[in-house]
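Next up is a structure, given as structure tokens.
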């Protein structure tokens, strides 16, 4: 096993891949390359060894899908922080006389059931919804993949204990969990809701990660690395994670959207975010009841949610591609 | 899809599921205008076993109204208590009553309805060991404290105030003067029970037997109850149809959709967001009838912040900040009527309903509202949390609308925010433990159409449903006086004076009177809702 | 293998006890169910006390739990508030929900994997984009709305189906509700399959298979798909339990008297007996489903062995 600090051969993995080398060789080579390959553009004397992650980053910067999705996300972040940049109204000012009215000058998206301006609420809702979606997804993904990864990697007793704990958490119905855990909270911040989603959401990712790690662990290059005496940490980080991360990314990016929607379900149950908080989830839930009479009330917050999910799915796709050595 | 042909029809429908159109509304279940057609109606699973004194909600109440007749019956149109099985109810002192039961009545299993049928039923309903949730209805009868003590075990088997004096006669002794007591006897809890109820309770519950115009044909808990006309029914309100199939729906929205698809004849609780469609979907087959229900906002008077000397001004200010007119129109599509007193229009003027009794205090006037709230010391803490439960009745919409109305009137954007509680039980817990942090929603469905029922249980000091702990000596005294008054008109007048005290102190903010709403298919006609918002099934004609 | 299965079956015991205890405590934390039984008014104190005694609520929680578990082992799951036996409720709810779940899972497998394979092989093509857009719609429009719209269009406007499922709840009637129920999971299955396929189609064994001149169809089904299915199978395995217990919205909209509906009612009314009873059975379903998934790993990837 070469020492990671020692400069390796500057080469192009895809070339090796394309050469159709045997699996074991492929593993050993790409191992060396992905970890120790030098940046061909760097060239300077102080060139740092290039890792798989920096490789991925280089790929990402050139990927239009990544750029577009990043721009959308950047935009969402900006309006989350300064919603007044593009919306001048007050999301809490509602006039029942305008209930369900359609588009009109100054109010491009029309009004909702309570007579609030849909455009303003959609813009102001971004902060809460994006924060809930992103933070819950991050929490779930980190907790789930760490626990699931460990269970899958070590197997045996570890797996038994972690998997059975997972099973127990699976057994808690969301409605019950929400009513019990969230009804005791009176805080109007988003944190209890995020905490709740992480608590009930991690088992799913954990299962997926465990399954992927179990498969990845069987790959010849992992077996070879083990034979070469690589440490557990090293194998997990360098060999298994890049090969097992794809399903986690896929599930997490879709889950992001479902968490934003789940927040609506929790609000509907009376245990989610409380007014005067403005969020897409609350507006989608409110609009759903009247969708037959005023579909426009649903269209805008749901559309905003769709664009957000799209951005993250695209981002996830790009990151996954960048991490996948076989696609090089 | 109904009646005996149910299973077969479904099987056919399955074979062609995705291709076939629904089976349509008509046809099966018997002929047209000859009174043998079957009505299919939406239903919700009753919360409690179907015992008369244990049923405290509309769904179980529907069935009891079909299979039982008591001493009195509330006229489905006027709500007035009229004699049903009672031949006469006499009293000299408003305490001792002599009751004679009409001759010729039997239960549908052939057993005679006697004085004993009533006395046994009432004793059962009152006794602590039987866990009857409406036991308190018997609380005016002498000896109630022995069979249903506040604490500890019962010391008597039967109510000492009840005595059977003959096959068709019995006497009732009350523990206080109550001149309008006979008018409470139309409530289902006072229904007679056959001996089968006591001898084989489980099979009675599986298939209840009563003395009403219908008998239970088949009861599949959780999915359907088939009721069929009892042909030997001795009363004069015989069923005009062949029977009723009550079908349990998971959601009233679904029931409504099934009605519009022609698979159901009657939906008696149209969800608010479908009302707009109901008018266009159904035309004149849509009913919107006043019911004996009023919605109010109660205040936590046990909380010092809400019980200040100037509190009345603050509460009146809040009341005047609520645009009832607009909310009932926009949110409820006029299935609620802005309240102008604390009773219900179904009482009628003679019964004590007085439109406009609330006067200015219930008129929307944002400027005046703002002034009053400021004079009353402002909203405690700057924000008031308006409590409601999120699991039933879609209260969120109107609570948000009320809050927006208050916020707009006061010119602040968070003077009022909705404060949901997840479950009804939890909501009631918080109320019971006196833990509400602000005003909260309160709904009152009358037990019997008397003005007394709208005031005493809710606002009398320490009354059973006085959840806000409002207390006022003047009010209590007027209610006492009214109850002792043997002349109905004078009693009503006293009650109204008490109501004026309630208004001046704004002990609770009246919001609106609730209507019953229903829609029905073109297969059936002569559909009406009674003042308890229950369809009058026996009068429905099929075809 | 046999020993592995036995070990897994034994592990179910602590999970079973842990999960039931957890649920039992959670329902208990929700507070006093009696308060909700008397409508918009307080129950009179004597009756309330009586009800609490009858429901065993006056005893300490651990004692309630032991009594309950003791009863469960003798087959007595208690009684719901309306006087119906919980076993009776389960007997009517589970068959319906199992049928609904089967419909949903089959749709997930058939539609989800097909779309996943197609999009995975044609990344970036119009069909891929089209499926992505569908995915977005499914995720961002709540099931509640999709369900209502489907019900309104197919049930009322076009009259293709009956909007409400009858109490028989046959497979035919459950097709559309099953599709609605499966919609979000479909998005997951499609994208998981797509990613796996895209990842594995460059794998050596696929290239070898192609080089050997195997027909494309055989390469896809035998080599590519089989090796791509592990994440998908894992997901579907976790989804079975979620579909069975979590079909609250779908069951309500389509009038299906199944587990989700009963569980929801039980939770809202804080009926410990109903909730714990139903969840207990669900826990068993999870455990078995997970075991099957783990065994499937070995079938799909022969390199995975269980000692």
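Here are a few things to note about the model shown:
For reference, chains read A, B and C in written order, and residue numbers begin at 1 within each chain.
The criterion applied here is as follows: a contact is a pair of C-beta atoms (placed from the backbone, for glycine too) under 8 Å apart; a residue touches a chain by one contact, two chains touch by 3 or more.
All values reported here derive from a predicted model rather than from experimental measurement.
The chain occupying the central position, as judged from C-alpha centroids, is C. Counting C-beta pairs in contact, the pair that comes out ahead of the other among B-C and A-B is B-C. With centres taken as mean Cα positions, chain C sits 23 Å from chain A. Separation between the centroids of chain B and chain C, computed from CA atoms only, is 38 Å.
One finds 50 Å separating the Cα centroids of chain A and chain B. Contacts with at least two other chains are made by residues 30, 148, 152, 267 of chain C. Counting partner chains per residue, chain B has residues 391, 423, 426 touching two or more of them. In chain A, the positions touching at least two other chains are 179, 183, 292. Within the complex formed with chain B, the residues of chain A that make contact are 90, 92-97, 99, 113-116, 178-179, 182-183, 268-271, 274-276, 286, 289-290, 292-293. Of all residues in chain C, only 7, 11, 14-15, 18-19, 22-23, 26-27, 29-30, 132, 135-137, 139-142, 144-145, 148-149, 152, 184, 187-188, 191-192, 195-196, 198-199, 202-204, 207, 230-231, 233-235, 237-238, 241-242, 245-246, 248, 263-264, 267, 275, 279, 282-283, 286-287, 290, 293, 297, 301, 303-304 touch chain A in the complex they form. Residues of chain C that touch chain B in their complex: 30-47, 49-51, 54, 81-84, 88-89, 92, 148, 151-152, 155-156, 159-164, 166-168, 170-173, 175, 251-257, 261, 265, 267-270. Chain A meets chain C in the complex at residues 17, 20, 22-23, 26, 160, 163-164, 167-168, 170-177, 179-180, 183-184, 203-204, 207-208, 210-212, 214-215, 218, 246-247, 249-251, 254, 257-258, 261, 264-265, 284-285, 288, 291-292, 298, 302-303, 305-306, 309-310, 313, 317, 320, 324, 326-327. Those residues of chain B lying in contact with chain A across their complex are 273-274, 276-277, 323, 326-327, 330-331, 389-391, 394, 396-397, 400-401, 403-405, 407-408, 413-414, 417-423, 426.
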